[in-house]
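Just below sit the structures, each encoded as structure tokens.
Next come two complexes, and both contain chain A; in the first it sits with chain B, in the second with chain C.
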Partner chain A sequence: MATAEVAVAQPERTARHIAPRVVRRTVAFYAFVAPWLICFVALDIIPIVLGVLTSMTDYDGLNLATVKWMGLKNYARAFTDSDVAYSFGRSVLWSAINTPTWIVLSFTLALILNQAVKGRDFFRTLYYLPSVVPVVAVARIWAIFLDTNNGLLNGILSLFRPGTAVRWLSDYALPACTAISVWGGLGGGMIIFLAGLQGIPQELEEAALIDGANKLRVFRHITIPLMTPLIFFQLIMALITSLQTFALPMIVYGGGAMTGGVARAVYLYVINTYRHIFAFQRFGYGTALLWLMSIVIMGLTLVVFRTARYWVYYESEAAGGAA
Partner chain B sequence: MFAKKLSRRDLLKLSAIGAAGTVLAACQPQVVEKIVKETVVVEKEKQVQVEVTKVVEKEVQKEVTKVVEKVITQAPQPKAKAASEVAMMMWGGELSDDEIKQYNTDHAPYKLSRLDPDQVRYFAMLAAGNPPDIYRLQAPEVPGLLARGIPLDLTPYFETSMVLKIDDLAAANNFYKGNSPLDIGTGKIWGMVKDWSPDCTIWVNKLVFQKAGLTPPPDDKPITYDQVFEFAQKLTKKEGDRILIWGLGVEWGWVERFWEVWLEAIGKSLFSNDFSKFQLQGNEDAVKCAKWHFDLAKNNNVQNPLSPSPRGWIGPDFLAGQIAMCQYGFWYSGMVTGTANTETGMEGENKGQAIMIPAPLWTDKGKRISTTITATGSICSRITKDPDATWDVFQWYNGQEPAVTRAKGGWGVPGLKSFYPMIPEYNEERKQVKRVLMEEIKNSEWVVRFNPFLKGGEPAAVGASWATYFERTLKGEFSFEQMIGNIQKEIDVAIKEGMDRIL
Partner chain C sequence: MTVRYIRMHPTRALSSFLLYALLIVVAFCIGLPVFWFLISSIKTESEYIAYPIKFLPKVVQWKNYVDAVTLIDYWGYASHSLYLALMYSTLCLITSSAAGFAFARFKVRGSNTLFSIILAMMIVPGMVTLIPQFIVYSRLHLTNTYWPWFLWGVAGAPFHIFLFRQFFTTIPAQLEEAAEVDGCTPFRVFWQIFLPNSKPVLATSFIFNFSSTWSDWFGPLIYLDDKRTTLAVKINHGYQNAHGNPLMMPTLAAATIYALPLIILFFIGQKYIIQGVVTSGIKG
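What follows is the complex of A and B.
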């Protein structure tokens, strides 16, 4: 009987005494997460939902009142649009050239400037400098440098063969634009790699050297593995950025680019999308194209993440494995 | 002292004298009093007169006030201004912070704010139901916006305005008139130009002509486009593969606008009457227009994707003497000759060598058209919160201080005819330009057709299609005919989409 009374009375006491504390904690929790949650919903979830809805309409930027539901027609159209296929191919090629070139060069530069060379700080600053120049200025400087008729490069070549007018930005558009892009981003990549290199414990390298390893073996078996998390990060970021490249060709090719007048070799996916949206007012179709690219980027990122286990070295995992 | 006895006669004399004296004494104050009294009366009369005058004036004033008040109360009263904010999408160079400040002081409680023109932002604001009250645009955009019911009908405001009188509107404003998107030119007024320019006029560098051993074309009569083509070929200067001077400079973003002007000069058009068909492929006249531009590019007589502008666009290249002729219109005079406050102009030995010549003729037999193909101006939003406040800004911007400043600046022809005398002519270059301009204005009344189903303005659909295939055709990837076929296909689809969305 007494046991029963206790059993009945206890939950009442718990509810009376503990509930306010739970409520307070709950309120505090929601109060703290509310700013982020509100921003996340307002600035991410709602635009994403609206973006998906837009991609399934014939919205042209002005016809909100009479907009028509298209279902998946815009997506289906993308698979029959030869310009989409072509520009996607160019973006993949651009990314395939741009990403490894940038990673290799910025890593190499970081390795060089991680050595105790004379004037190291000066060179670090010098190589980083292009990264602080806005992309507009970078693009214009290079456009002037590579100009067919008045460019400095052709001017130098004309000293040896007067009247030289190589069409760098037309006949060599892909390598020329890659050079501009890599040059502009080299400093940023270098700084991140440099930070990583400086985080490698000296004793590991010293131990390897004492054990008889030469510099190349130290680089291959110590430096590279310890740098793989950073290389992985740089790879992911470079892939995403390069597949979304838009501003650089647009500026290099001036006003004509607004209408799709960039060199065909660098007629990238996002430029084609821009043309659909702003020259033909195909906001619905353009948004569908952007969603398709998002899916591709997500897929590629996932693939790279999946491969990470085979080549990215995490000290913590190694330590855990050993234990 | 009184030893002599006073006789009765003496007493009488004395009494008489005394009496007389008394009388006199008695009379004296009366005279003075009389004089004083008379004086006082006069003064009083004067005072009364003044008072009366005052009273009368007061009464008259009262009556007048009553009458005026009566008149005023019987007349329609302007509404009391309520505080309102008006957002205007316009570049800072076209609407300065000082002008905005002045407006906000003079036109309180209305408050004006400015936004940089930005299509993405404009579309987003429209979608959110909160577009800028006044939007900057070019004429090719007007039919498309009208078809979607974006602009506010300003006709009633124009009809009663003492600032923007309908009779005073320059012909370029006809691009903002229309009773339907398919019929632009007359009817309701939806907006007006901030300024305009006969855009087909050509700038000529006399020095380049002289160096090439050629006589510059006359500035008092138009040459033909065939002659322009010929000049462009002769004036192009090469060194090996390098182009040192291009014969002609063309704004490729306006390419289909030029074609439409040329075709309309011979009674043709790129579009069918109802704008449902694009008439390029198979239309000999239209193809000829496209070929004219293409051949110039193929020969490198004009800048093109394979031989681009070293400075990014033709404007500074002409100033530097690297382009012999430049088809850019009157607005460009702001750069060529500079303005009252700027030092810009032709560079080095090219200074003072530029003249403006009339818009060429497509054929000798065609109509002479020297119209604007940009007609940059503004419209008011139909869903503006306070149409009166929006109109107040619109009227001020287009007919008062800012319009005067722009007219005197020389970057465009004013939107009001009465402002034409303000167009600057402070040096010989300016005088030459104005002389040619005033003749061109006589041929500026033509309203070019723009398709409401296609994206107009910059970038525009036809121009975008041209730009996409241009480089590839120049490189030989396509033949010219294939390029025309591709443009035709692409624009056919775009028109159909536009019709589906609008109709």
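What follows is the complex of A and C.
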């Protein structure tokens, strides 16, 4: 009798004990994510839906009472707009130059500063510092460094070829802005690669060296594969940010929100779009343009994700394959 | 006498020389523009526009720095920048760490879906929400106020939620289970066990958010009018003479003072930042 009673009572007590725990944990989870979740709906979901609707109207920021439904006309117009085509081309070129330059340079710096060299901490700090400088100051620093008449760069070049007066910011706008952008982003990229390099188990490289592999082979067959997840992460981030670049050229050429003075070579897609929105109050058309670029960016991100299995090394997969 | 000279192998000596040469060349490329900027900020206008260039000023012009803080209400705009940066990064820290804790520690119905949303938002281009949000705020008459920064802060940031979640998953589960057995509420586990053990990530997240808000130029430009705006906007085109022409010298000095707090903040938080990035393991 006694044993039977216990046997019945046991699951009941356990069930009573567990059910509230699940509920309690669920309540706790939603309490902790509530601030984010509520704001996510209010500040992301609702504006995104409104943004889609706006892109199908002729909204100019004021005419809410008389706003007209345009359907897909704004989108169709984008495909015949030569400024859109031109600025899109510039953005693609900008991204195609910026992304690899930034990744290769910041990875190289991380590799060098991962060695046991004297003064390593000093160089790490020095290389990181530019990424702390606000973009407004970065633009100023470079504007006067590259200035045709008073800039230091032409001044130094004049020592070798007197009278050098290259108009860097107008004749070489794309490489100049790339240099500025990479200069500002190098430290941030380097520090993430450094973190990754420090995560590589030393035994692995040492074992390979003992087995007679030279440094180059260790680099090629151990360091690089183990770093591919991080390179992949940086590549995605770089693509997303570089295709959306607008602030740097706008500040360098000093046009404010009107973006009038930006050199044609760096007249990027988002700059053209903001010109429509803030200079001409074309919120409807402007939002449509932003959506088109977002679709391109998200599509490109997906494509890069699809390529991942051909070149990104995942430890768990390799372990599974070996077993 | 058994002094043994450890001689470097010639090829090793050469490669170490090349390494240092490279490090110094890179240091020059990185430092030269800044150096030129600082030198220029203590020149007179005529020295600054001299052609061929004058390397050093005859007399150091501290006056440029005095002009920088007196020609405009410098400290007023600086206080706006400080206010927004402090408010945003504090709120964002609270929301992001709380959400990160939830995602790291509770596997409940819906938690996986919500975490996929966080990951997705990390790769959704920011411009998707920037303009629609601006339209909503301006229709609610919240432009020209600091409310948008308050709300952005309360919303947290997907990347920082991810950062906290990554870090919190490394804290051993036993710690929390023991606390739970002792009758600790999840809030107390979070507040008294997790947060005190997360200083590197807290510092990293705070410094990144503080810096990005202090540096942000486009947000204040489109949201705030000339009276309420921040240093970032004001420095860019705030210094003008009576004819509306830009005054170069105070602008350079002002930009230097403007960048300084972030550099100081970086030096204070340096060891935390590196630790924070390493431990949170941003590995895609």
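To be clear about the criterion, the second predicted complex is superposed on the first by the 278 of 323 C-alpha atoms of A that agree within 3 Å, B and C clash if a C-alpha of one lies under 4 Å from a C-alpha of the other, contacts with A are read in each partner's own complex, and residues count from 1 in each chain.
In the analysis below, a contact is a pair of C-beta atoms (placed from the backbone, for glycine too) under 8 Å apart; a residue touches a chain by one contact, two chains touch by 3 or more.
The structure displayed is predicted, hence computed values, not measured ones.
In the superposed model, A:V132 lies in contact with chain C only, and not with chain B. In the superposition on chain A, contact is made by A:F280 with chain B only, not with chain C. Set against each other, chain B and chain C differ in how many residues of chain A they touch, and the higher count belongs to C. By the document's definition of touching, both partners, chain B and chain C, reach A:N149. After overlaying the two complexes on the shared chain, residue contacts for A:L230 are found with chain C alone; chain B is out of touch.
Shared-chain residue A:P35: touches chain C; no touch with chain B.
When the two structures are aligned on the shared chain, A:T26 is found in touch with chain C, with no touch to chain B.
Once the two complexes are laid over each other on the shared chain, residue contacts for A:T101 go to neither chain B nor chain C.
Residue contacts after overlaying the shared chain place A:W291 against chain C, while chain B stays out of touching range.
For the contact definition in use here, the residues of chain A common to its chain B contact set and its chain C contact set are 61, 64, 140, 144, 149-151, 154, 158, 254, 256, 278, 283. By the touch rule above, chain A contacts chain B in their complex via residues 58, 60-64, 66, 68, 140, 143-144, 147-151, 154, 158, 161-165, 167, 169-170, 253-256, 258-261, 263-264, 275, 278-283. By the touch criterion given at the top, residues 22, 25-26, 28-29, 32-33, 35-37, 39-40, 42-44, 46-48, 50-51, 54, 59, 61, 64, 109, 112, 115, 117, 119, 123, 125-130, 132-137, 140-142, 144-145, 149-152, 154-155, 158, 183, 186, 191-192, 194-196, 198-199, 229-230, 232-233, 236, 240, 243-244, 246-247, 251, 254, 256-257, 270, 277-278, 283, 286-287, 290-291, 293-294, 297-298, 301, 312 of chain A touch chain C in their complex. Partner chain A is touched in their complex by these residues of chain B: 119, 123, 126-127, 144-145, 148, 150, 238-244, 252-253, 305-313, 322, 455, 458-461, 463-464, 466-468, 470-472, 475, 477, 494, 497-498, 500-502.
Only residues 16, 19-20, 22-23, 26-27, 30-34, 36-37, 40, 48-53, 55, 94-96, 98-99, 101-103, 106, 108-109, 111, 114, 117, 121, 123-129, 131-133, 135-136, 138-139, 151-152, 154-156, 161, 186-187, 190, 211, 214-215, 217-218, 221-222, 232, 235-237, 251-252, 255-256, 258-259, 262-263, 265-266, 270, 273-274, 277-278, 281-284 of chain C touch chain A when the two sit together in their complex.
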